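Quick one: this structure, given as structure tokens, is what I'll be asking you about.
Think of it as A, B, C and D in the order they're written, each chain with its own count starting at 1.
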Amino acid sequence: MAHLVPLLVAIPLAGGFLMPLVGRLTGRRRSAAALPILLAAGVLVLSVWLLLAADEPLTYWVGGWDFPVGISLVADGLSRLMAVVVATISLVALLFSIDYMARFTSPGLYYGLFLLMVAGMNGVVLSGDLFNMFVFIEVAGIASYALVAFGTESDELEASFKYLVLGTVASAFLLVGIALVYNVTGHLNWAKVGEAIQTAGGAPLPLQVAAAFFLMGFGLKAAMVPFHAWLPDAHPSAPAPISAMLSGVLIKASGVYALARFVFSVFDGDPALGWILVVLGVLSMVIGALMATGQDDFKRLLAYSSISQVGYVVLALGAAAVMRARGVSPTVVGLAVFGGLFHLANHAVFKALLFLCSGSVEYATGTRQLKDLGGIGTRMPVTGACLRVAALSISGVPPLNGFWSKLFIIVALVLGEMYVLAAVTAVVSFLTLMYYAKVQRYVLGGEPSERVTRAREAPLGMCAASVLLAVLCFGSSLMAVPAVRRRVLAPATEAVTAGVQAGRQGRTITVERDKAAPTDSRAAAVEPLRGGSPRPPRAAESLADGTAGAETRRAEPLARRAALDVGEAP
Amino acid sequence: MQGMSPIVKNITRLVAGFIVLFGAYIVLYGHVTPGGGFTGGVILAGGLALVVLAFGEAFARNVLTHEVAKVADSMGALLFLLVAVLGFAGGVFFTNFLPAGTLGHLVSAGTIPIANLGIGIKVGAGLFGAFLALAAFRRTTGAGQERADVLQSHS
Amino acid sequence: MTLAMLPFMLAFLLLVAGLYAIVAKRNLIKVIVGILVLDYAANLLLVLMGYRTPPVGKAPVAPILTGGWAQAEELAASAVDPVPQALILTSIVIGLSVTALVVALAVRLYEKYGTFDTELMRNLKG
Amino acid sequence: MDPILWILLALLGFMLIGSLIAIETRDLLSSVICVGAVGFGTSLVFLLLGAPDLAITQVVVEILVLVVLVRVVITRRDETHATSRSTLPVGVVLLALGVMAAVVFGVLASREADEDLRLAPFGRPRMTRQVDAAALAPAGRPDLAPAGTEPASVGGAYLKHGLTADEASRGSGAANYVMGVLLDYRAYDTLGEATVIFVAVIGAYAVLRKVGRSRHAGNESDR
């Protein structure tokens, strides 16, 4: 059960390594998608199982190093929720890719990059180590740079270049932040860093500087205004399923999730950081929405809307941190976090759906200009219906999921006595409704142009993927139902609101070293710590006699083999 | 690209073997001396790149093709992942399940030499492949093509 | 401000220089140069933070055991920090990967436009 | 005064000047060569600071990058680089940012109030200090802590336990501690790192494909 945690990374990784080889066998046939879809489905099943089966957070020490010298994987409620979101959207995007990507060459490379991006995101959301998180952010990031440019047209290459350059700047900032954190605390494990900060009674100045670097780095990855310059180019340029992945999950996994972890689990919901999140969130919300209103390009509009919607999540998290510090009742804090995370999951669903629909429309008509798309709903009934569901959902029309999450955020803000923020949120919701009404008017109503009358409904795979997500738009409203909520979102909320405590909860999985050692088992588990301890356990003694201390030991049976090997060597 | 002058070719003949050998040494002894899979892999890629630069396109087409590089790339990565997954044999993911052995010997430090080997193959093949694709004899398409070809015949 | 912070500051200045190239330059190759400098700077900052001044008159001790077991304790007391080195090794490789990809993008963009100049490209002007 | 510090400062100064030339020069080839020099400077710094692994890696990586970049630049003549000017006044920006950098680290260095969590200065990393071992136990499990003191950072713990003659402490068994950290303690990072380079290589293949999409091939529903 606990071993599922590394498998969530290892499975897509293996698939990614294999795909360039498999792609050579399948050529450009659609069967190239079979292996990735199988693996993504497997990952989805595993992550859902992980979400539903275990109640307590798991800390999994990779390589069995329980002493915090190793890298830990942390699967608490938040990580599990993110893993499920990533797996869901990636499976649907892969289904969509079967037909959509038939127009592109080299499916082997495409699916390889796709799976590696998924592996990178799973790595990010499961990592318990700052540097490890950085490495997997890079995996996901580099895969996405390449995928944005996958069509190799000049605007795609330019968008990818811009994205890559800003992504690299973000990485450099993160690395500087990590260097400062390591210098000051001596740890890379975020739970330990959080503990050190708490012991010192708040972050000292060098760590505040580090926090600034982290904020800039993650802010760039999450495309918060004013770090958003790359997103409106990169997201529309990518192939539609990749746009869905980027907007739906990537900016959340390597941006918002990382920010939440960092602000809550490392800095214990520092109110100053909370205010910064609030400001970034409000700026993103308002500016994203205003920019989206003026767009004529369908996918660009969606990209700006992503900035705006992610702003909601960041605002909710920041407000929660502020309220927590102000001593507002934990229920309200929990409600704010709950609303934010709920909106995060919902946005993944409806934004992915919107991008997939835009992909279907572009596939059928060859254009992304809203003005040329009039009447497409009648020519493409399935896509049109899905588009309508998604647009209503993102505008917050009940009973679709977007309504509930926005409602929770606004209610939490009101209960937390942050009336101005609540008003801003409501106004931005109205703006969202406005520009999606525009989308609906152009795309679904109006006189069909010549281009549109020639359009036919998208192929089966693409429709199926869209319908799946449209169903999820209704289905994920269920997460507001108390029974489901307790199971799915409450542990995630708990993981955030617990702050630094989150790193200390739950079960630890590592190798029981030296099982044969006759001393008490707890001491054996601590074995790596006991460098200067007076006497090793007995099993080690016999070894030491035989080989003059010439080797280090591992678990007992292996140590015996080592003794044999070494016995012959000298 | 035709390759370079006979002087370069002869010197490359002499040196390339040593470079590749040195790369292999760095890969295999990474856990004992400075170096390791990445460094050795980059050296391997550099040695092969030298051969291709000296002997030209035909060599790369017949002996060390792009395809070979791609396959070796995937294989190396899978080998490393295999080491990681086999760690379950020792308890958890990535356990160094082999005996530590004698300090300073080639066969010591458990799985580290195997991991180094996988990384070495992966990095060597991957970077060499990228080098071939990027720099050695790229057939260009589109706007800049003619000019690029003319310039290439100069170099 | 102590002299001991001077190396950090210089590394930080290098970071700023790289950032400057990325923000202000209008040429793909110059931007790539900026990325390279940024990488060097971040790596330098890390290695500087792991350095341990050796006893007077001695060279810094690399964390590699060359003299067998007998030396291990002494090494532990004098060697520089191996963790930043391991991180930098990772970071160098990441930098190399990013460079490979960005050069590939630049080469393709050159094919499309016949120039490395971003002023002549549609979307990269800003 | 430590001679190593002086050499280091000279090298860093050299690198700073080199990178400024690389950034400011008009000629792309000289720019690339200058940045190569800065890279070799980095390698020298690594060597100076007791990191031979990094020095070797940096040198070979630098050679490869330089070969590729030089080849890219000399086979593509760019007559338009006259327009490759900077849009911001160079001096002002650099000066402002430089002052900012100085202030940041100056402030960091001058804060001595909190001995526990302040920036460890150059040459005295945090691991030179000892702390109660409980502080190093896994988060939330102080019961796993041993008695006594431990170096105050993870790196110190690697050095102390990675390979001590006392076989009770289990190390990686690699004489090269950096490799031990890289491929045993933090092997998972290295898997990510190998993935990064794999991703970048197949990403480069993908970007360099001759034909990205074929609108009329392979799909009967295409028009």
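Annotations for the structure displayed:
The definition used in the following text is that contacts are C-beta pairs under 8 Å (C-beta built on N, C-alpha and C of every residue); 3 or more make two chains touch, one makes a residue touch a chain.
Remember, predicted model here, so these are calculated numbers, not experimental data.
Comparing the chain pairs B-C and B-D, the larger number of C-beta pairs in contact belongs to B-D.
Ranked by how far their CA centres sit from the centre of chain B, the chains are topped by A. Chain A and chain D have Cα centroids separated by 25 Å. Chain centres here are Cα averages; for chain B and chain D they lie 22 Å apart.
Taking each chain's centre as the mean of its C-alpha atoms, chain C lies 4 Å from chain D. Each of the following residues of chain D touches two or more other chains: 52-53, 57, 61, 64, 68, 72, 76, 104, 108, 119-120, 125, 127, 153-156, 158, 160, 163-165, 171-173, 175-176, 178, 180, 182, 184, 186-193, 195-205, 207-208, 211. Within chain B, contacts with two or more other chains are made by residues 33-34, 36, 38, 42, 70, 73-74, 77, 81, 84, 93-94, 96, 100-101, 103-104, 108, 110, 123, 127, 130, 133-134, 138, 141, 144, 147-148.
For chain C, the set of residues that touch two or more other chains comprises 15, 18-19, 43, 49, 62, 64-65, 69, 83-84, 87, 89-90, 92-94, 96-98, 100-101, 103-108, 110, 112-113. A complete topology is adopted by the chain contact network, contact being made between every pair of chains. Listed in rising order, the residues of chain A touching chain D in the complex are 13, 16-17, 20, 28, 59, 61-63, 65-72, 99, 102-106, 109-110, 112-113, 116, 119-120, 123, 129, 131-132, 135-136, 138-139, 142-143, 145-147, 149-153, 156-157, 160, 180, 182-189, 191-192, 194-197, 199-200, 203-207, 209, 454, 456, 459, 503-505, 508, 513, 522, 525-533, 535-537, 540, 543-544, 549, 551-554.
Residue ranges on chain B touching chain D, taken from their complex, read 26, 30-39, 42-43, 45-46, 49, 53, 70, 73-74, 77, 80-81, 84, 93-94, 96, 100-101, 103-104, 108-112, 115-116, 118-119, 122-123, 126-127, 129-131, 133-135, 138-139, 141, 144, 147-148, 151-152, 155. On the side of chain C, the complex with chain B involves touching residues 62, 64-65, 68-69, 89, 92-93, 96, 100, 103-104, 107, 110-114.
On the chain C side of its complex with chain D, the touching residues are 1-21, 23-27, 29-30, 32-34, 36-37, 40, 43-44, 47-54, 59-66, 69-70, 72-73, 75-76, 79-90, 92-101, 103-108, 110, 115-117, 119-120. On the chain C side of its complex with chain A, the touching residues are 15, 18-19, 22, 28, 31, 35, 38-39, 41-43, 45-46, 49, 69, 83-84, 87, 90-91, 94, 97-98, 101-102, 105-106, 108-109, 112-113, 121-124, 126.
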